[in-house]
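Just below sit the structures, each encoded as structure tokens.
The following pair of complexes shares a single chain, subunit A, combined with subunit B in the former and subunit C in the latter.
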Partner chain A sequence: MKQRILSAALAAAFLAAPAAALAQDTDLAKRVEQLAAELEKVKAELAAQRAQAAAAPAQPVQAAQPVQPAVTAPAAAAAAAPAAALASDTVFSGYGEVNYNHPVRNASGAQTDLRRAVIGIQHRFDEKTKVVAEFEWEHAIASAEDSGESAIEQMYVEREFNNGLRGKAGLFLMPVGLLNQNHEPTAYYGVERNFVETAIIPTTWREAGIGLSGEFGDGFTWDTGLTTGFDLTKWDPASGEGRESPLGAIHQEGQLAKSRNLAVHGALNWRGVPGLLVGGSVFTGEAGHKTPDFAGNDARVTMAELHTRYTPGAWDLSALWAYGRISNTEALNATFVGNPTPVPSSFAGWYLQAAYKLWQNADYALTPFARFESFNTARTYAQVPAGLGVPTAPYERVGTVGANLMIGQGVVLKADYQKFREDKTLDRVNLGVGFAY
Partner chain B sequence: MRYVPLTVLAACAVTAPAFATQYLSPEQAEKLMFPEADAFRPHPLALDTAQMRQVEQASGLPTRSAQWRVVGAYKGDTLLGYMVLDDVIGKFELISYAVGLNPDATVRQVEILAYRESHGSEIRLPAWRRQFVGKSARSGDLRIGAGINNISGATLSCTHVTDGVRRIAAVAQVALAR
Partner chain C sequence: MSHPSSRRAALLLGILISAALAACGGGGDGGPAPATSTDAVETSFSPSAALGAKIYSDVSLSASGRQSCATCHSPDNAHGPTNDFAVQLGGPNGDVPGFRASPSLRYMQRTPAFHFEADGTPVGGFDRDGRARTLEEQAERPFVAPHEMANASKADVVAKLKQAAYAAQFRATFGDNIFDNVDQAFNRATFALQQFENEDPRFHPFDSKYDAFLAGKAKLADAELRGLALFNDPNKGNCAACHTSARGADGSAPLFTDFSYDNLGVPRNARIPATLDAAYFDLGLCGPDRTDLAARTDLCGAFKVPTLRNVATRKVFFHNGAFTNLTDVVRFYVTRDTNPERWYPLNADGTVDKFNDLPPAMRKNVNTTEVPYNRQPGMAPALDEAEIADLVQFLGTLTDGYRP
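Showing the complex of A and B:
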């Protein structure tokens, strides 16, 4: 009897087990549903709180506009989320490139170089105040025995004022040309940066000082500032550096920069038609710094340029003209007689470039381009007594054809061929890889 | 004489016209997009997995989120369209923008609510934003270089906003269009 009862109980237990498990499952499902509902409620509360927070900074703007009907406020407020909360206050960025140059008439001159590696840090203190810094290493290794260098490319604080103007102070890039402020390898065509914007405009050209930017409306933006300028006492008439880039040879880059003479700059750009940019800039400042026993104290460096870029559809067309002048160099050049590189009184250049996005899929975009440049780093010299001068340089004309292959938005492979009209020994094939993020 | 530039800079800073980084509130944007509307109602949108897949196919971009901030604009009981709020990263910083859509999921208007980058605020220009009007995820021309022209010096901001608008147009086509 006992056995029967036991077996019946066991059988009942076995039979009941799935039913109990089912009951438990149902219970669990209910609890999950409850939890989900509670989560939704918490989410809704959080969204409402965020909407309130987001609505708060918008109020000053609202005040300047016609008052909205009360019924509109809750709808948009409920839909709005705090944009600022999604972004980090501190953003890291970087870019770099490795280039290979192969002179076609001098294979032994072939060279591979980690041209530059740059780390950028931007930190936002509040909605209107931030600091931007870029740290750069060129040519892979910087030490006493190596030819690399390490530099701070930019470091400035920027504040936006209530009237929409942006003021900055520190070391910043001059608003000059097409390349100087947009110099990441993904932003330009060709393995090497163009000659006009390296030999005539000394990209990446930065000065220490203060700057102000704003808008006129209708697509006009302007920049102006008061900064350090060039230091003509650095000119070395015995080296060829001044022939490569007159301003590159005397720039100060915020390094114990002589500041007896300051420089002013102004730039105006118009982007009123989608795809079109037309602009120009002027920079001027004395470069002698009242240095004792220096013959070039009255010298003034002036740089002016005009640029345009038009990107209709798959085309990317650009043109730039730049003209530099160093005035009052007669007395200084008289002290350089016998040297190969006196100070030029003018240098200039221009280029035309056309690129066409030939092919694109989700991951890759192939853009062939052609560029023609003409530039002269020693266009004229101030007059010196007959027989003591150095002949002016001819205009070098360089044709470049090649292609950029973008991989996603941040990586670029480049290949091009450059033909030099004057110094044909420089003709070369270039390959490069670059990235920017 | 030496201090003239400094004086000019200071004068500019004091006398310039008034506007700020936050250009529009969502309420102002919806009123700009649908001036004839007399009511705006939240229309929270949650996409299911199948819809998210359709959005990815239509836009060629990851859907990024299942939840979308949508407001419906009404005149009486008639639906005039929707406004979708979104943020994208420009180069380093967030751009907050709103896309106005007609009931048939074509773009009605694009407004930039907040722009925080140092360069490229020209994406606020009406001429640039007008390029989006009338286009849809179906028309295939909501792309930089194919229907939308770039702004020089603001390539990343233009690309990311254009991608964002295309994604929203696809969301509208999949989940809102009538």
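Showing the complex of A and C:
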């Protein structure tokens, strides 16, 4: 019932938003003018600096970053930061978060975790060529005896061509959904990343390979690429990992990634109306890698999603739908009979989210939000002989209400409450602090 | 006038030839693919392994002149015994009974040396109590054990080696003076046996029906598949908890053992003559054969988890050969705790003398917590008779030599 009310409220928010948008049109126009003025100023500064350092062409690197959609908070943060930054070819960035989870029905399960600390290094070789790298530690301590992990989240070189196309090669984040390429704690609502974009889309999902991006005009941008894909030989039917996130259990993350089968992806986004983003992506690739004596060599992983985000005035509304498929798993799943976690043939989820900037002054901005998610990591299984299959999972439905309190542009305090319809033992209160610069 | 390109070609040819020659001499750890004929297999052996093959089946190396490794570990029966004796006979006249059932020697090559894991779990090692660190070390004992090949000493074995038809080959491989040093010669013989076991694919052919099924090249019959599900299911057979049925993280084929130890409380076997002495107990890890863990009384009664590959070819089961029928073995697992009277004798007062092959003080060591042992009399067994039959059908798919 509560979820129904929440869904209704979210739907109402979506419907009501345009009205609010109209009311704030004047406000928006003012802001556009302000931004245009600032842009002129930056351009002038840039020209001055170029003249100054003609021999060694240094420039404020941040200003030359690919323009983020105006809808994202971190993009605003990134745009604000460079004014203070020294003009340099090499720029450091970082983000991190510390979270506290308190299951309301199981106080002993309360946990505090330095979820992640990330250092980003971007170096610009020239106006059109750069390398981007992100180094991440999760769970505070990484060693043989500890739970932490150390990972390279992305490392790629990118070159902009004269025709406006941008090519990249290396390990990069897949252009999928709203969160994957934009996963700093200041960029999303709620202490924890949403379930659909972690359990169904394995954020932060990166692959090694080559990519190409460009624009069609009229606000359309596109991405495509040829990359590594998933490795189904990693599936462990005895553990619950595959139930938590089917693709998270078989991702390769550029770690000695099997590459007999490569995958292709394509993404299309439209930002034709200020404050509105509509997009979608498709990824597909085989996941068996012709492994000798493996029963799942014909399996193919396909992921498709649609997303939208609309930020009229103080509103920040988003919606996303994602669907994943792993085909040809009959023979492999037969070898897993009796185990709790065979390979699902499909998994899917969607969410609606509404946030409203309730109050803000020079230093603080308070944005309450509500999100409703529905997702299923084991929606269907390929057929096995009668009596030997495991039941498909029910859709888990999670309602989240809470607020983000931004402090300045780079620090965020978060608090929320999450209610689970299926597994009520998971209901929890979350608190978090995060930053990004 | 030089011709760089032809010179490069000559160099390349040279490299290719030497690579080919190296491959011929090869026989590394990777193991050649299963071959169709003995000769084809043996030509790929390293010199040590070729010698090991001869030593393995040389009956002249025993006191009786009638016993070799192959006698109790016959290539014709999955490198295990061919008879249904609880323990094999050895000694100078071939009439001295042993103390433990002879295991199959197949699929030993990935066994790690004995050690304790970080959480204290004992793992690995050869022999049923893990006391030999390597196959080479394992091969030492039978030559001189009084109930096995019963040679008086290592010198006795080396003297016989010197007389063997392959003595010249032994010298050619290990040096002309190898027989001058008894310990060295003996060690080379056991090393040769180890190399033979590692290199001969017949010790680890991975060609069972289950292997073909894992590779997507064969389908299991319905009963076999149901049996596999029961084998894996943590709430039913839970067999896979120790007898690993899934590939390793590196894709390696499952060996159906995790190399750990367990205390199953197997009934005492009166067919072992040593049990006539009421004070005799074979306690596995804590003795009497193994001596370094005698103080670890919590480990008394624990024996190594054997591979289940080729289990259907066995004629006796468990460390003491107490069972002679695979279906009974599965029945024992699931009814040991629900119907102990089926497996153990009664005391004078009518109670069941459960775990009667352990001294009373050690009986608490028996695993009674994991599925399917976690039950009491009156409860339903983890598997019913039809399920037991399915499980046995599945175990039959683990026999080497499946030809679709």
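Everything below uses one rule, namely that the second predicted complex is superposed on the first by the 351 of 437 C-alpha atoms of A that agree within 3 Å, B and C clash if a C-alpha of one lies under 4 Å from a C-alpha of the other, contacts with A are read in each partner's own complex, and residues count from 1 in each chain.
Keep this in mind: contacts are C-beta pairs under 8 Å (C-beta built on N, C-alpha and C of every residue); 3 or more make two chains touch, one makes a residue touch a chain.
Quantities reported herein were computed from a predicted structural model and do not represent experimental measurements.
Of the two partner chains, subunit B is the only one that A:P274 touches; subunit C does not reach it. Of the two partner chains placed by the overlay, only subunit B lies in contact with A:N163; subunit C stays clear of it.
Looking at the shared chain after the overlay, A:T380 reaches neither subunit B nor subunit C. By the touch criterion defined above, A:S259 reaches neither subunit B nor subunit C. Looking at the shared chain after the overlay, A:E215 reaches subunit B, while subunit C stays out of its contact range. Of the two partner chains, neither subunit B nor subunit C is touched by A:T284.
Touched residues of subunit A were counted for both subunit B and subunit C, and B has more of them.
Once both structures are placed on chain A, no subunit A residue is touched by subunit B and, in the other complex, by subunit C. Of all residues in subunit B, those touching subunit A in their complex are 5-6, 8-9, 12-13, 16-31, 38-44, 60, 69-72, 83, 85, 87, 89, 91-94, 96, 113-114, 116, 118-119, 121-122, 125, 127-128, 131, 145-146, 148-153, 155-156, 159. Taken together, the subunit A residues at the contact with subunit C in this complex read 233-234, 236-238, 291-297, 331-332, 334-340, 385, 387-388.
Chain contact summary for the complex, subunit A toward subunit B: residues 55, 57-62, 64-65, 68-69, 71-81, 83-84, 86-87, 91, 93, 122, 124, 127-128, 132, 158, 160-167, 178, 181-182, 187, 210, 212-215, 219, 221, 224-226, 262, 264, 269, 271-277, 309, 311-314, 357, 360, 362, 409.
Remark: subunit C residues 211, 213-217, 219-220, 222, 225-226, 228-234, 236-237, 240, 246-247, 249, 251, 253 touch subunit A in the complex.
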